[in-house]
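Shared between the two complexes below is chain A, which has chain B as its partner in the first and chain C in the second.
After this line comes the complex of A and B, so read on.
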């Protein structure tokens, strides 16, 4: 396959996401400008200019009309996908780490970091309300004795939220009760990313402790573990096959001390059920920070510490590949 | 002459054609011209035009106007932000990683056995003096060996005979055995046979097999190990360095698999032991590219 290289970001990537149909690919990086691309040919559609700091994550709603971004400039911004205009700004006290659209696209979840003596808090906001009304719900995560939230997503039927934390904890929050209902500590180090499968029944967590783990999203029951020998920054579940793709690599801080070959900057393909690695794709010359699979499962994109996004359209040798059992 | 060339250049400069874009059988061909350092480069880019059936909403979105930093981009891809990378293949693995780990393990083991403490009596991983069978075996040794000085060298191929010839004094440690080797080699360099060895080996029975081992041993003994080599060292450098002492039959330079640089040590096999001895005496402590070489008998 010939990957398509997207080189608009001047610094390392933090998050890439496909929209529901998979024709648009959104990317954010440590430079201040998130971009949107046509995934089919890598043509850039536009950029969302306005943030004044690292954009940690982004999410797009189901009909690809709104985009939400969380940034280290202590704002969460809502954008019009088509025109790149800013719709709303939610100003917080400290850098914002997590943001996610609910499945219905009406509510957003966002969190901020516990720095400068401020607690880590989680906010839920209805985007139809005016921003000066404030968030519809606010949970003080630090007060509950939990560490900083580093990733989060909405669960089935928008009934609950799952957050991943700094110390490897996975917490499920009930939205109506606004309280934690389940708490697990499956990882020994920071959870870097949480992604759900297509029908929101499973979620996969990636952690600095060199593993990615698969959970039942409702019960947080641990199902599978995918083990590598480097930190895992992102993992995605294929909607087409029983595969997961893991991205990671030597930590950025140690990259200068290793050669490309020993850094393990490949995207690694594991069988969902057998937990066995069966393929790798090379290309990045830094750790992979974020991975997303196209909703049709026939291509995937990865964004790395090297500032590049690579879109890979699978060849038939992958699409025909099957583990014999 | 020069004016003519300038004129020529000028015309060339004016002749940079405009970029062309045309379509032919399902492909868009874009020809671009640019000048760099007086030469004109022509770049032809061929794009395959593809018609896909997509959802209406997706088709609608494909018509959206570009905005933000992409607002001034031409229709189609902007080559400044989008490129097609070289062909890569997905590497399918079937326990490849395991094999690799096994390999690494083997290498590690091999390295560790070089340093491992080995009892000369029972070949266990302890010093000879601490051997639990010391009393039994040693008395046996004393019968078959007359002098400790006649003992076998600590060459790795020679471990069997080594085990039989434990010094009755219970000398242990590599440093002492190392000394014995050189003493023995000096002796053998003078062309003498190994009376002590042969005497000891009578226990082994078959003298034919012993002879074979003996020649192996000899080869080993003409091998020196060079350590503290600079990273850039090539095999040829070592040949150049060691051939003055005598004909070199084999040079083995340990290299890093990934970047092909020297790991810092090498084995040189000479045809003659006395050449090897000479090399050790001369090159050991020799300054080579800011490093001081250490040359010793290969163990």
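After this line comes the complex of A and C, so read on.
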């Protein structure tokens, strides 16, 4: 399983994401310039220039026409995937942390951080409207007594949104009522990432408390827990097999004192149902910040603090392997 | 089981049958034996001044407001009290058993002992049907103080060699007999040894939360036998044969054992930091090294829980459990004193021959693990060279068997082989000495091994010279090999030597030299296999574990456990455990279990791991011939044991699969529910994506995989968009 190394980011990766078909891989990092790659051979297709700060996250719509990015430069930008043209800029007051496309690809959700005395807020906007019209909905998260949102995604049929917060809380918001309907606190530390499975029925959360947890997306009912001994930065559910892949490792701050061996920067494979770890993939020499599985489940990519994206195509050994039961 | 081991004491005191004629019944002051009356007596005990007076002494009609205590205090003080008689009586046990002729003489002797405490009102020696005394007696004093004083001063009084008094208050008698027979129902303390597959156990201690867990290392992986929070305050110790688990508490030490790890015994000694067992686990030494503690060291009898002797703190104590050194059959224990060896026997707990063995400039000594022999060395003193001596204990004498004079010695390390076949002494010597007298500097260091062949006639002596710095060495516990690790830091060599036997005695053969960066060698309990480990030292985190078979000197496997702090073989030699504890590493405290060949079979993270210890086993009951016989018939045994392993494995995996199937079924139900929901919502999803069905993208693709066209860019250009 020889990986393809994508070496374009000068600083650490923050988010990687496949489009729906899986032929494209989008990546963002602390170096301001998100990129897009052919996932099959790791060739860079282009980049999206314009941000003036760390790009915290990105998302691509279902027909791969638009890309949305959220940046620490206090803007959320909408791009034309094909041309790299900037279509819209949504200016906020503080750094933007979360952005995500709705299922129908017409709406985006984004949040900003609660710094400089400003509250953490969540915005919903229709991308077909002019940015001057302002967001279609705006929720003051801080005012609701909640902590800063660190990740978020759209639920079934665009009826609700789930956000993860920096105190480990998971909140479900109803879109019509624009209010929280469910609140759980499954983690004891910051939620780093939320990802849904392919058919949007399950949700996996990754947390600094060294665990990743699986939930029913509609009820937020806790189903499974995957435990490691290092902070988990990202986790993805395989669309092909009953597996999940976790990425993380010793925190970047402490890495200088840690050898690669004790930092545990491996991607870790767990069985979705039995919660047992059965494989690890080494390679990164810093913690893994983000993980994505190809929509066909036959390859996955990881982006690390070391500034590298590694695309791994699975050997047949993996595809044939299954835990006995 | 009792959670707090130190709430009541005196559990182990002896019990007496209550004789019908005992003085408490004859006593004229005695009120009677009815329970009700005893109750009221107890109330009287907490006498208040305005206590309700007894009718005999007050007369309400007389109109006096003054209680009798005020009116006639002298008289009232002597007021007979009903319970008084019990408190005044003492029971003396371990009196000589004599016939009626000698009884008078005995009475004289005993009354002489007790007359100094006050007037003995009444004495009584129960007789058996032949008119002989039964070996105990009752004595009544005039008041309670006298009786208490008598108990205090004569409990443990030595009348002669065979008779040491055991004295108790009669009033304590009931209390003592009422102690629930706790120790009786701990069951068979050795039941754990009857496990058919000789599965070993181990205990793991973590700090925060304070938790002790005992595992059974079954073939399919360790299973938890018992787990308790706050079982012990900081650490635990297994007894040398594994019978007891000792827990540490502020008030002392508690022993746990038997099938359910119930409390078996406790030893009240405040602030114990270390404990040490005699090799046959008959005695326990508790060490409470507080300054000026008159009872810093206490030697206990493990079975009865009684204190045998205590010792004050002295300047020869260095932190650690091994202050006393025990001979192999618990017969003697000895310590290093200012002018030699202080040896005590465990019959009288007195100095052997009532005086220490004078050995000037004694530096260190060690008992043989299999004989009443000990080895010691004396340091250089002026012009007197250092001496290495092997001596045997003969009654009250210490006879030298063999000795060697050594020059220019800095230090010696005495090390006995486990079977007592060899005594290996590492000698550090110098060629040049400079500097001041109190702070000498040595240069040109030479390292020697002096090897005594204990089992051969006249105890021949070999010398092995090593050129490099010796980091550590280890003798094969049952065999003739010696591993020496030489060199500095990570540039170390591991050398295997074989000590010649019989005619070849005197020849030391070098078997193999391996250039490996390790710090310690740990032999399997039965020899042949050895684990070479790199422990965490200074900047190097170590962690290498190299499994070597010394039969053909091959490296079987090399493994890793970063920040390694401890390696321990299981007592049967089948598994090795490596652990990382909180003293050595900041994080990743864990233990791993390997087979003797170095295959990892288990790994567990234990946050703030304090200690990992296998439960020791008593020595095998098989004789050497029987072991040989088993080895010879290996072809017979191997298939049987293999079959047994197979049965155990399939049983275990069946259980696991059962569990997995259950999990799978539950998850499947959840999935089905979701699938139904997805089917219902299908049209809505298609509507949301402008009439495109995106659910089955890959299903379609897989049907026409061959026709897919993939375009690649050959050249890429950055296009800047100018609005």
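Definition applied: the second predicted complex is superposed on the first by the 325 of 325 C-alpha atoms of A that agree within 3 Å, B and C clash if a C-alpha of one lies under 4 Å from a C-alpha of the other, contacts with A are read in each partner's own complex, and residues count from 1 in each chain.
Everything below uses one rule, namely that contacts are C-beta pairs under 8 Å (C-beta built on N, C-alpha and C of every residue); 3 or more make two chains touch, one makes a residue touch a chain.
Everything numeric in this text was worked out from a predicted model, so none of it was measured.
A.B. asks: Quick check on the chain A-based superposition: chain B and chain C, clash or fit?
C.D. replies: clash
A.B. asks: Counting only touches as set out at the top, which of chain B and chain C does A:156 meet: first, second, both, neither?
C.D. replies: In the superposition, A:156 contacts chain C only.
A.B. asks: Quick one: classify A:44 as touching chain B (first), chain C (second), both or neither.
C.D. replies: both
A.B. asks: Would you sort A:83 into first (chain B), second (chain C), both or neither based on which partner it touches?
C.D. replies: Once the two structures are laid over each other on A, A:83 reaches both partners.
A.B. asks: Of the two partner chains, chain B (first) and chain C (second), which one does A:105 touch, if any: first, second, both, or neither?
C.D. replies: second
A.B. asks: Output check: A:137 vs chain B and chain C. Expected answer is one of first, second, both, neither. What do you get?
C.D. replies: It touches nothing on chain B or chain C.
A.B. asks: Would you sort A:216 into first (chain B), second (chain C), both or neither based on which partner it touches?
C.D. replies: In the superposition, A:216 contacts chain C only.
A.B. asks: Once chain A of both complexes is superposed, is A:4 in touch with chain B (first), chain C (second), both, or neither?
C.D. replies: First partner only.
A.B. asks: With the two structures laid over each other on chain A, which partner does A:21 touch: chain B (first), chain C (second), both, or neither?
C.D. replies: In the superposition, A:21 contacts both chain B and chain C.
A.B. asks: For A:296, is the partner it touches chain B (first), chain C (second), both, or none of the two (neither)?
C.D. replies: A:296 sits against chain C, while chain B stays out of touch.
A.B. asks: Applying the stated clash rule to the superposed structures, which of 37-45, 487-495 or 667-675 from chain C runs into chain B?
C.D. replies: The answer is stretch 487-495.
A.B. asks: Would you tell me the residues on chain A in contact with chain B in one complex that are also in contact with chain C in the other?
C.D. replies: Touching chain B and chain C on chain A: residues 21, 23, 38, 40-41, 43-47, 49, 63, 83-84, 259, 261-262.
A.B. asks: How about chain A: which of its residues touch chain C in the complex?
C.D. replies: 20-21, 23, 38, 40-41, 43-47, 49, 62-63, 83-86, 103-105, 156-158, 199, 201-202, 216, 223, 229, 259, 261-262, 272-274, 295-296, 323-325
A.B. asks: Could you please specify the touching residues of chain B with respect to chain A in the complex?
C.D. replies: So the residues of chain B in touch with chain A come to 52, 54-55, 57-58, 61-62, 64, 66-71, 73, 76-78, 80-94, 97, 258-259.
A.B. asks: What part of chain C is in contact with chain A in the complex they form?
C.D. replies: Interface residues on chain C, with respect to chain A: 541, 560, 562-563, 587-588, 605, 653, 657, 660-661, 663-664, 667, 670-671, 674, 677-678, 681, 684-685, 688-690, 692, 694-695, 697-698, 710, 712-713, 716, 718-721.
A.B. asks: Show me the residue ranges of chain A that touch chain B in the complex, using the header's touch definition.
C.D. replies: So the residues of chain A in touch with chain B come to 1-8, 21, 23-24, 33, 35, 37-38, 40-49, 63-64, 82-84, 259, 261-262, 266, 269, 277-283, 310, 314-315, 317-318, 321.
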